[in-house]
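Residue numbering begins at 1 within each chain, and the chains themselves are lettered A, B and C in the order written.
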Amino acid sequence: MTENVATTDNAVPPATRDGTRRRWWDRYSSTSPITLTVLALVLGVVIGAVIIMVTSATVLDAWRHSFHDVGSIGSTLKITFDNVAAAYRAMITGSVIDPTLLFHSISTGQGWTVTMTPLSETFTYATPLIIASIGVGIAFQTGIFNIGANGQAIMGGIAGTAVGSMIHVPMIIHLPLTLFAGIVGGAICGLVPGVLKAYTGAHEVIVTLMFNYVVNAILIYVLTATALQLPGQANGISRNFDASATLDPIFGVKSGLRVSYGIFVAAAVVVFAIWFLKRSSLGFDFRVTGANPHAARASGINPKFIILALFVVSGGLAGLAGLVQAASTTHYIDGGFLVGSAGIGFTAITIALLGRLQPMGIVWGSLLFAALGVGGRAMQAATGIPLDLATIIQSIVVLFVASPVLIKEIFHLRRGAQSFQMATKGWSS
Amino acid sequence: MKSIRRLGVVLGASSLVLGTVTIGVGAISASAASKFKACIVIDTGGVKDKSFNQSAYQGGLDAVKANPNIALSYLTSTSSTDYAPNITTFENKGCGIIVTVGFNMDAATAAAANAAPKQKFAIVDDKPTTTSKNVLALQYQTNQAAFLGGYLDAATSKTHVVATYGGMNFPSVAMYMSGFVAGVRYYDQSTKSKVKVLGFTPGKGNCNLASCPGTGSFVGNFTSQTDGKTFAQNFFAQGADFVFPVAGSVGLGSVVAAKQAGAGHQITWVDSNGCSTDPTECKWYNATVAKGVEPSVKTAILAAADGKFKGGVYHGTLANGGTLLEMNTSSASTKLKATLAAITRGIESGKISVQPSAYPATPK
Amino acid sequence: MRVELKGVTKRFGSFTANDQINLVVEPGQIHCLLGENGAGKSTLMNVLFGLLHADEGEILIDGQPVKFSNSGDAVRHGIGMVHQHFMLVPVFTAAENVVLGFEPTKSFNRLDHKTANAQIHELSQKFGLEVDPDAVVENLSVGLQQRVEILKALSHDAELLILDEPTAVLTPQEIEALMEIMRSLARDGKSILFITHKLKEVRAVADVITVIRQGRVIDSVPPTETEGRLASLMVGREVNLTVTKEATQLGEAVLELRDVVVRDDRGLAVVNGISFDVRAGEIVALAGVQGNGQTELAEAISGLRPVESGTISLRGRDITNLSPREILDAGLGHVPEDRQRDGLVLSMSVADNLILNTPRRAPFARRGTRNLTAVSSNAQDLVQRFDIRTSSIESTAGSLSGGNQQKVIVARELSRPLTCFMASQPTRGLDVGSIEYVHRQIVNQRNEGLGVFIISSELDEVVALGDRIAVIFAGKITGVVEPTTSREDLGLLMAGAAMASHD
């Protein structure tokens, strides 16, 4: 799907230049997804900086002052730069690692918790994103748009929470059972649109999209009107997971680092996805169907079966993602579980496309999104710039990656006529 | 197929863009490291939710106004997953007090408080089941303001029937209803009237946050507006002209019912002023039995900044502004307002009890 | 209009697609550009039409050098082009496609359908290309889509018309009609650049023939040159244009059709009671003008389209309305008519395409896990055995030339055990070298005792390959004849004159 298909003589290899510049130019102008994403990130950061400038009261005051007193322009520029730098410093040190703290920890052997918290948080947030995005990615590779990943994740969370909190068995049975319940919950939720598409031809985008709303209502229902609700509570909140059903922090609860065994689940999903797409017969059928449904049918693939199987796999992974989220962080679900801006199933759509539907690409995309979110929180705490700036940068990255033509024009990656072809072909070509 | 893929890109991108439309621009300069740091973990609604989050943040701003040596910061949570890391972020930042908003943060606050016994916490409208002494539970004696609400409704009722119902029979809910019933009975006793109150019959024993005995009308959830509409319609059919729903968004259904029943039917709201949360339907609210989140948060922060912080429970009362009756201008005559002010003083001084058992029940 | 290309060179990276091409098209001349697929004809035309920019050389119109930065410039200079791959909007009607970009409008910028339809009607009349203006293009046959393309180019008053492989998809009658149009346009003083690799057409219509091989002009020759000479100029070696067949022992019937009725997407019975047999060791060729039910018949046999009534059996086993999977497994080999749509996954590797319909068979997979080593060695073997020209077995099928794509399909089908081999339009769009190859493979299969069923609208092919020729018209077989039957008689059958009148 990501490979360019050269069907005619007009498919043009990269332009060439003479001399030593050529190789450099070729590499620069070849639009590898990584180059594209990095450049999009650069643009996102630049635009983010502008937004910081025009929304920061301190910076605006300084400029207002300079307007009257031209001599102060130097200090104004410094204030501007300092503000922007402080924001991004907080974002990076808050999502990856703070060198000062790292040095302190190495030299004294103390404070490792604080030093490692940003990385731990980034991985904590990335874990369910990776799982859900791979589920979405597999569907997209098959040419099916599963917009319902969020609903499937919520269903997985509900089913997993029910098993995790209301059944009491030893961990060796309980944890796998809980994970399985998450998968089943998501798969069932995915199967409904799958059946509708396979047997009635309903368009999966509409059905899955609408199903998200249905599931939101189901969530409220189970949290307020069923035995899953925490006893004695007025609020919509579930029972807590048994300790035997949680994905515990790898370094122990006392470490203060939240990164949990959930990342092993995510790693297993990545390995599974790579195997599935590359090595499994079913994955092969999926890819054939996605790349050319006509040829798939002609070569004996049953499209109905593929649609159903696909929704089971994709929905199951989304469900697992929802469950992992609950089992590794809160240990309960509430009315805000994966709702609104916390909807990992929607973010997963974006990340799947950002990662070009490839499992490893999705891993990097998830880490980037998680880091921006975690760093954004650190930035808000340190500088008061709202967390939403991180969302803006995420959005800009996605918008630019989605429109390679724009990136190429801005960075002069290619000239003229060929850009038009890119524009008309869009993302998937 | 290709066009569908492109649609996906558009959907993916636009879902993010939509997410950024609400950009809160509240950059607060983090100038003074020496200042006392007051930090608020806001729930998913954000600081402009016209409800507890906004009130808590406003309380923080009020505290800064009262003591300029306080630096306020806040973090918004996008989901319950964020509570713990948001608290951790503030702990690492060296916050003098961390205020968490609402019952949802109960578990995260209790866990953090147990893990860090020296970190001061205050939690709005909740009392975590923790034994640690570093948590101040901000709670509200809502029966005091509900008493005023009951009196107001009884005094202005033309049909001499008023009603209340709850979401579920929990002490926090029944407390409103109990105070409301007490207010109506006090009105009947002091004015020799016979205003009936439907929907709640107090049980034996006093009503407090731990236990509030009584039976009555409960819808069984806090979300179904259809239920809220049905309940209110039943009450209107039984002659009530004021209904006091204590059931979160269920009550919005009652507002619809009042609207359909027409002029003369009104809803007495709870928690956050109905007129400001729902301004277009303001005329269907006569008053709000509110929780005074702002003063409670302000008090907690100021106490921490002055080194006078003590864990336990903060009781919001009429006296400290922790609970209050917010009336619409036209809801009561000047004379009635004066009476209500006098009753307020009576409750504050303890001369007037807000327990329904202190007054004879109105004969049916 | 006199158009001259001088020293035109176009490189793609290290590959030189056009090398110092010199070419002159005189006014009123039909100039044929003859060359195999991949010789650089399409690239050259794209340069001339402004879609690509030459690295060296220039274009002169009436002696004046011109520069085209896009195809719009070329159109403004009176150059029109009919592309090999259609540039039509599938969901628009024929009329909408023709007027696209120059739409007649009513008030408020609404499309004036009436005028548009009138325009296309007038054009159809003038050039003798009948098209229903209201037909949605995606519902039209390939041949009719081609007509819309030609009409679209003609509608812009082109002085030089570039026709890139226009006859590849047309019936003999349509080709004859098109040639008549070309001649009449030339008489009006318009120039035509006619790109093809079909020798008969070239000789029938061209004033001058320029042969291109590997990006270079090899020679310019008059149309009186023999086919053999033209072919060897094109391919660069001697080519055997006739198919030699030895007599074989006829075996049992492997494919039997009895009163088969098939409906098309609109619900019309386009295959209306067809019965015939294909026996082991023979080639039955189904001749007919495109659009007479051949496509639906092939789909029905391979399980892609439901059979309304009647039976289809494969070596005695009833396969009517079985799933494509079951029919594949029953031993039907199928080369589909539209190979890029139904036969290949262009974005996937040659190796994967070579096992496309047997991915779960040993040794390519075991218990749901694919054996990529087996897939690769199968691909290596077939690439060598069937002479598939690809840089690597991991290259995408889309990167291959049309002939090699077809070889991939043929190799795949012939590499598994078959009962009957069915090929629809097996050499459509292929160059001389590839046609020769595919034909030899088909005859080899017959010689080895396989029953072969060929569907082709190329009369030459039908005559060359068929041991028996069945002619289809309007969903019915109008006759089953010997390959020695005269072309006139075949033509009559194809036009619906039933055999019955002769009997």
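Just so we're on the same page, a contact is a pair of C-beta atoms (placed from the backbone, for glycine too) under 8 Å apart; a residue touches a chain by one contact, two chains touch by 3 or more.
Note that the structure is predicted; figures quoted are calculated from it, not measured.
J.: Need the central chain here, defined by C-alpha centroid distance to the all-chain C-alpha centroid.
T.: Of all chains shown, the one whose C-alpha centroid lies nearest the global centroid is A.
J.: Taking CA centroids for every chain, report which one is farthest away from chain A.
T.: Taking each chain's C-alpha mean as its centre, the farthest from chain A is C.
J.: With chain centres defined as C-alpha means, what is the inter-centre distance between chain A and chain C in Å?
T.: Averaging C-alpha atoms per chain gives centres 45 Å apart.
J.: Can you work out the whole-Å distance between the CA centroids of chain A and chain B?
T.: About 36 Å separates the centre of chain A from that of chain B.
J.: Between chain B and chain C, what is the gap in Å from one C-alpha centre to the other?
T.: 75
J.: Which stretch or stretches of chain B touch chain A in the complex?
T.: Where chain B meets chain A, its residues are 1-2, 4-9, 11-13, 15-17, 19-20, 22-30, 39, 43-44, 73, 75-76, 78-86, 88-90, 92-93, 103-104, 107-108, 115, 167-168, 170, 172-173, 220-223.
J.: For a test of understanding, state which residues of chain A touch chain B in their complex under the given definition.
T.: Where chain A meets chain B, its residues are 55-58, 94, 114, 117, 121, 124-125, 140, 143, 145, 147, 205, 220, 224-225, 232-237, 240, 256, 258, 293, 325, 329-334, 336-342, 346-347, 349-350, 352-353, 373-374, 377-378, 380-389, 391-392, 394-395, 398-399, 402, 425-429.
J.: In their complex, what parts of chain C are in touch with chain A?
T.: Its residues touching chain A are 11-15, 17, 38, 40, 42-43, 46, 51-53, 69-70, 84-85, 302, 304, 323-325, 328-329, 334, 336, 340-348, 352, 356-357, 359-360, 365, 368-370, 372, 396, 398-399.
J.: Using the touch rule from the top, collect the residues of chain A that touch chain C in their complex.
T.: By the definition above, chain A touches chain C via 1, 3, 5-10, 12-14, 16, 275, 278-282, 284-285, 287-288, 291-292, 294-302, 416-417.
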